[in-house]
Amino acid sequence: MTMLNPDFAEELKQFSEDSALACFNCGTCAAICPLIDSHFPRSMIRYVQIGAKERILEAATELWKCLHCGLCTQTCPREANPGEIILGLKRLVLDHWRKS
Amino acid sequence: MTQAKEKEKQHATKVGVYICHCGGNISDHVDVEAVRRRLEKVPGVAVARTNMFMCSDPGQELIAEDLKNGVVDRVVVASCAPSLHETTFRNAIRRAGANPYIYEHANIREQVSWVHHGAAATEKAATLVEAAAAKAGLLRPLTPIRVTAARHATVIGGGVAGLSAARDLADRGIPVTLVEKSPCLGGQLARLDRIAPTGERAPELVRALADAVLNHPHITVFTDAQVIATDGYIGNFKLTVRQEVASEAFTGTEACYIPFSGMRPAGPSPSEPREFNLETGAIVVATGFRSYEPRQGEYGFGDFASVITLPTLIRKMAEQDTEGSFLEIDGRRIRSVAMIHCVGSRQIPGIHPEDASGRLNEYCSRTCCTATLNAACRIRETHPGTRVYELYRDIRTYGRGQEELYEQAARDGVVFLRFEPDQAPEVVRADPTDGYPLKIRVTDTLTFSENLEVPADLVVLSTGMEPNDVSDLVEMMKLPVGVDRFLLEVHPKLRPVEMPVGGIFVAGTCQAPFDVGETCNAAGAAAVKAASLLAEGHVELDPFVAEVDAERCKGSGACVEACLNPGALALVEMQIGGQTVRRAQVTPALCLGCGACVAVCPENAIDVCGMTLSQYEAMVDAIVADQVAADALR
Amino acid sequence: MTVPSQAKGNKILVLATESCAYPGADSVGQAHSTYPTNVYILRVKAPVLFPERFYLDCFRKGIAGIIVMSCGEECPYDGAYHALARRLDRVYQAMKAQGMDIRRLRLTAICTVCNRAFLNEVNQMNELVQKPAAGEPGQENG
Amino acid sequence: MDNSRNVDFDAVVIGGGIAGLQSALDLADQGYTVAVVEKDASVGGKMIRLSKVFPTLDCASCITTPKMAAAAHHDRITLFTYCDLQSLRRTGGMVRAEVQQKPRYVDAHKCIGCRQCEYNCPVMVSDREQGGFSPTKAIAIPFSNAIPQIAVLNPQHCMLCGRCEKVCPTQAIDYFQEPRSFTLTAKVALITTGFEMTTLGDKPQYGRGRIPNLIDALQMERLLAPHGPYNRVLRPSDGKVPDRIAYIQCAGSRDKSMGVSYCSRVCCMYAIKQAMLLSGALPLADITIYYMDIRAFGKGYEQFFQNAQAMGINFVKAKVAAVEPGPDGAVRLHYEAQDGDGVSTAEHDMAVLSLGLIPAWNPEGICPLATGPDHFLESPRPKLSPVATVMEGVFTAGAAVGPKDIVDTITEAGNAAMAAGKYLAALRASSARKHLVA
């Protein structure tokens, strides 16, 4: 059982634009992503929404598979800017690694 | 009329038979040409024609031309169910200058081509059309019954729909009486605060509408009042209204708005219950809805004080109307609110339990998604410290400005979780270490069906709509009720605000869940039908009523005894051949046309116009004709 | 030659009320369900119109079965249903007196969405009229 | 239909779809005279082009044609078809509508709708009324149940061979017909201009309309219609009976990458309706609806959705991200299966884009009506008077004022007729008062 942690979104604000909450989980970004055949990047965005920071850290290496081609951001129906969120998460993870 | 004479008459008429392909709906299964060829040979049938769409303009024109040219004087159209197009063709005949009651309809789509296939379908279609032609041969021109209509309408229910319909009718110059059960006007709208998505204040909307109604010279309002008896018919209803003594004494000389109750008209109310009669031409039923009451234990309702319904939340928030980092409810600081959608709506047999009377609300209540999002946005705006979670099945923000509200809620930080109906969230007491009194366990499909826990100080149930219990009106006025228990219109597209009893209309949430704007549309649509009805001062009714053959009637009185509508039939003294005799007489506007009298007359002296016993006998003869022919060959 | 599905002499007459059973039959059509072709539906305002002799005449003319599909207790004409039920009792007595199988006349209530009930009724009656049995019209004395 | 001179009415209705027809009928039944201005050659709007309608599955033609005929035959209603509205102004308490009738190249008074011109015309033209799947002629009656039944010549394709002129029994062909302008005056106006669909080309990821067997929902309406192009459902590229059919929801709604952020309100229900009709027409076919939220909000709609699930129609919660052509005419979809294995592809024999609704008319330059951010007409009082506009004496109903299904449109049209009727009654009363004073 994962307990939701809504404060994580706040924490992320210092690293990224605050658009993860705009995502309505349609999956376009995951399906359009040419590199990663999983739920990525929606999985990361969803973890931000529910505040599952440890999940993001566990799967951190996935973030670096993203080459920022911009397709997800271009096609996002809610303009949630998935590319920017992934970039922010990279910063967050780096910061976490630096601190630990 | 003797049988021989009737036969003679049947053959003296020229029946036109018009068979519809229905663009393949019929002709894919019924050989329409074969039917036409067979009908052409039937004695009494002058012409038989076919058309791709008989209901289309060229189709109707075929009939009109034949009538105008004197080729036919009786008409049979074989097409879809009569409920769809009987009126269409009667009107076409009327436009061609003929009497619309020389028409008979044969249903060869719903009752043939859609249920039978192959040669047997064609055979049956032909037989049904032959039967219709046999009846048509015996039809007589009839004159509609003209009834004067009281230029007055009664609206039952003083919520948005009732107020709006009353004002509409009164603005058209029609005097209106509005009867409201409770002491106040405004209905369920008075129990709301800000209305999504425009943010308008419900009390202001109620006040505006109620003021217009209370100050209207053509509207009389009775609160604490109910219709307890109805009588009469379209244009001439007689209602008995009972007004109770107001539960709380109110003697104000001006109407006043009571928050969460509505607009209280100026007093004083009667000191004793009173009953009075109303004569009215049309009735608008606008009896509204009530909010679903969750069952004991449903998502913890009743088990935990901090599980409340959305209407309760709206009221508590409005009454406090505070700003501040955290929402406070009953003095408790709310850090986290979880809102659960579809409570008492979209219930599924086998998953959701039925209530004591076996009912299940399988319908969507239409308004709750937006109302919930609206409340969530409001909380996030005025109490940014309070977290909001929404647990939903589908977000149904279908209306204008509603999808935007959904996005705004998301951007304001509302977290959405989606559950499948067979994996409903569970509201449980949290562990002391969780720091919250309650938590909700949910299998969230947005998070790859992981099991998540939502911490909650407050759980809000988005309860759906149920129609108000109007079984007394349903009984009295013979109103049809759908499987969803809302009042059932005649047809959602052809006659969306009409009840089958002429002159009775339906408006608003007693018919289906609607939001405020949709309710006003429904009220306007009902009002426009009532206005059209009452505009002329008289109403024309179908002439399908009993008729006495005074020559045959011996005055036995059997019909009067059998008659189901007191007053429709009576024995009266009249002069026949210089003698005073007692004979049966019909009051057409009161006759229901049921035919109870027909069956009991020992002299066959009474019949229902347009559906006489001999017409039915002719149809049966046509149906068995092939057997008779086969027997003859044997 | 295949036997036509609509063998002679097995026609079923349905008297269907215009406010309940007749739209009910239409609803069966809208669902594109199928039922035997020997079922002939006549639209009636209220079956209370028909005197006893109408039913007996129909059987005499060769109708094999009659189903009166009324609105039941929902009947829009107060009291008509009971008057109808009493009348049909008298028809049953007459049928018995003539040695007819009284199952060939059925009184039932069908609503506008009673698709399954409608199909049940017509299928049951069809089964009955397909078997030549004692009491078939015309064989009363056999 | 003599429109050579200016004519006075109580009300002018702009748009002869179901909303306009219903308002016109409800106004005329109250005793008012009504002019209906329709841009197409036939009234009936989008509804007459549909196969069947949800949730009753009545045939659309059976509900629309009686209303079309009733309006056409009503003593107090005059139809002006094939007419564009040039301007609509209020002056001196009156509404003046400048209207231009497009040339049919056929004399409307002489044409008897016999179709001899159509039968004899040698030029085949793709029939837009049949989704472009079957041909019509360069001169033709617009469609079988059109009202009025008057032929229209398509000048873009006509070769001026003269055959139609030769065979016309009433000498109705007029190759030199010019547009005709006239003015209608009325006391109130109703704007019921309806909607158009977004286009297949809106999203590059959906192939911009160039993927074979990826069609739009209105085209599927024609394939399903009893009087459709093939009289059965076949896929357009090769005439094969499709076994696997997909519906792509929100393919023109709720998607800012396509410029439409709102919900088009009807697509869930029309997709479910078409899926049910398809499973009736092709009982063995696999039908899948890819959706984000099923919005079955109206009376009887949820039950309709449940019935579709019970019939075996598959519902997959996913927004299709991209579509591309597959082998043998198949259509390949890419999506993220939320409950399954993440990113998935699926091949279907054909796929239908559930396109969204956009307004069919823009008041800019024609009349001073305001539009909202979604470009539909603005309704300043959407709660208590959804049919009011910012112009006095001008009312609106139906999809002109936001996407709407037929049931809601018909009810709203009734309310618009009520509002217009009230306005007319008030005018009548005040002019009577003036008379008394004078």
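Labels A, B, C and D are assigned to the chains in the order they are written; within every chain, residues are numbered from 1.
Going forward, a contact is a pair of C-beta atoms (placed from the backbone, for glycine too) under 8 Å apart; a residue touches a chain by one contact, two chains touch by 3 or more.
Computed from a predicted model, the values in this text were never measured in an experiment.
Engineer: Return the chain label for which the distance between chain Cα mean and whole-protein Cα mean is smallest.
Structural biologist: B
Engineer: Looking at A-D and B-D, which one has the bigger number of contacting C-beta pairs?
Structural biologist: Higher contact count goes to B-D.
Engineer: If you average the CA atoms of chain C and of chain D, how many Å lie between those two points?
Structural biologist: Their C-alpha centroids are separated by 45 Å.
Engineer: Using mean C-alpha positions as chain centres, tell me how far chain A is from chain D in Å, no decimals.
Structural biologist: 42
Engineer: Counting in whole Å, what is the centre-to-centre distance of chain A and chain C, each centre being its mean C-alpha position?
Structural biologist: 69
Engineer: Which integer distance in Å separates the CA centroid of chain B from that of chain D?
Structural biologist: From the centre of chain B to the centre of chain D is 27 Å.
Engineer: Tell me, which residues of chain B touch at least two other chains?
Structural biologist: Each of 407, 446, 448 in chain B touches at least two other chains.
Engineer: Can you pull out the residues of chain C that are in contact with at least two other chains?
Structural biologist: Within chain C, the residues that touch at least two other chains are 30, 32.
Engineer: Touching at least two other chains at once: which residues of chain D meet that condition?
Structural biologist: 56, 58, 254, 338
Engineer: What part of chain D is in contact with chain B in the complex they form?
Structural biologist: Residues of chain D touching chain B: 26, 29-31, 53, 55-56, 58-59, 61-63, 65-66, 68-70, 72-73, 113, 144-145, 147-149, 225-227, 231, 254, 261-263, 265, 293-303, 306, 317, 338-339, 372, 374, 376, 379, 382-387, 401-403, 406-408, 410-419, 421-422, 425-426, 429.
Engineer: If you look only at chain A, which of its residues touch chain D in the complex?
Structural biologist: Checking each residue of chain A against chain D gives 24-33, 37-39, 42, 74-79.
Engineer: How about chain B: which of its residues touch chain D in the complex?
Structural biologist: Going by the criterion above, the answer is residues 22-25, 28, 52-53, 55-58, 60, 80, 84-85, 87-88, 91-92, 95, 164, 168, 171-173, 195, 198, 200, 205, 208-209, 346, 348, 362-364, 366, 394-404, 407, 445-446, 448-449, 484, 486, 491-494, 496-497, 511-513, 516-518, 520-529, 531-532, 535-536.
Engineer: Using the touch rule from the top, collect the residues of chain B that touch chain A in their complex.
Structural biologist: Contacts found on chain B: 336, 387, 389, 406-407, 410-418, 434, 439, 441, 444, 446-448, 450-455.
Engineer: Across the complex, what residues on chain A touch chain B?
Structural biologist: Going by the criterion above, the answer is residues 1-4, 6, 9, 21-25, 39, 43, 46-47, 49-50, 52, 78.
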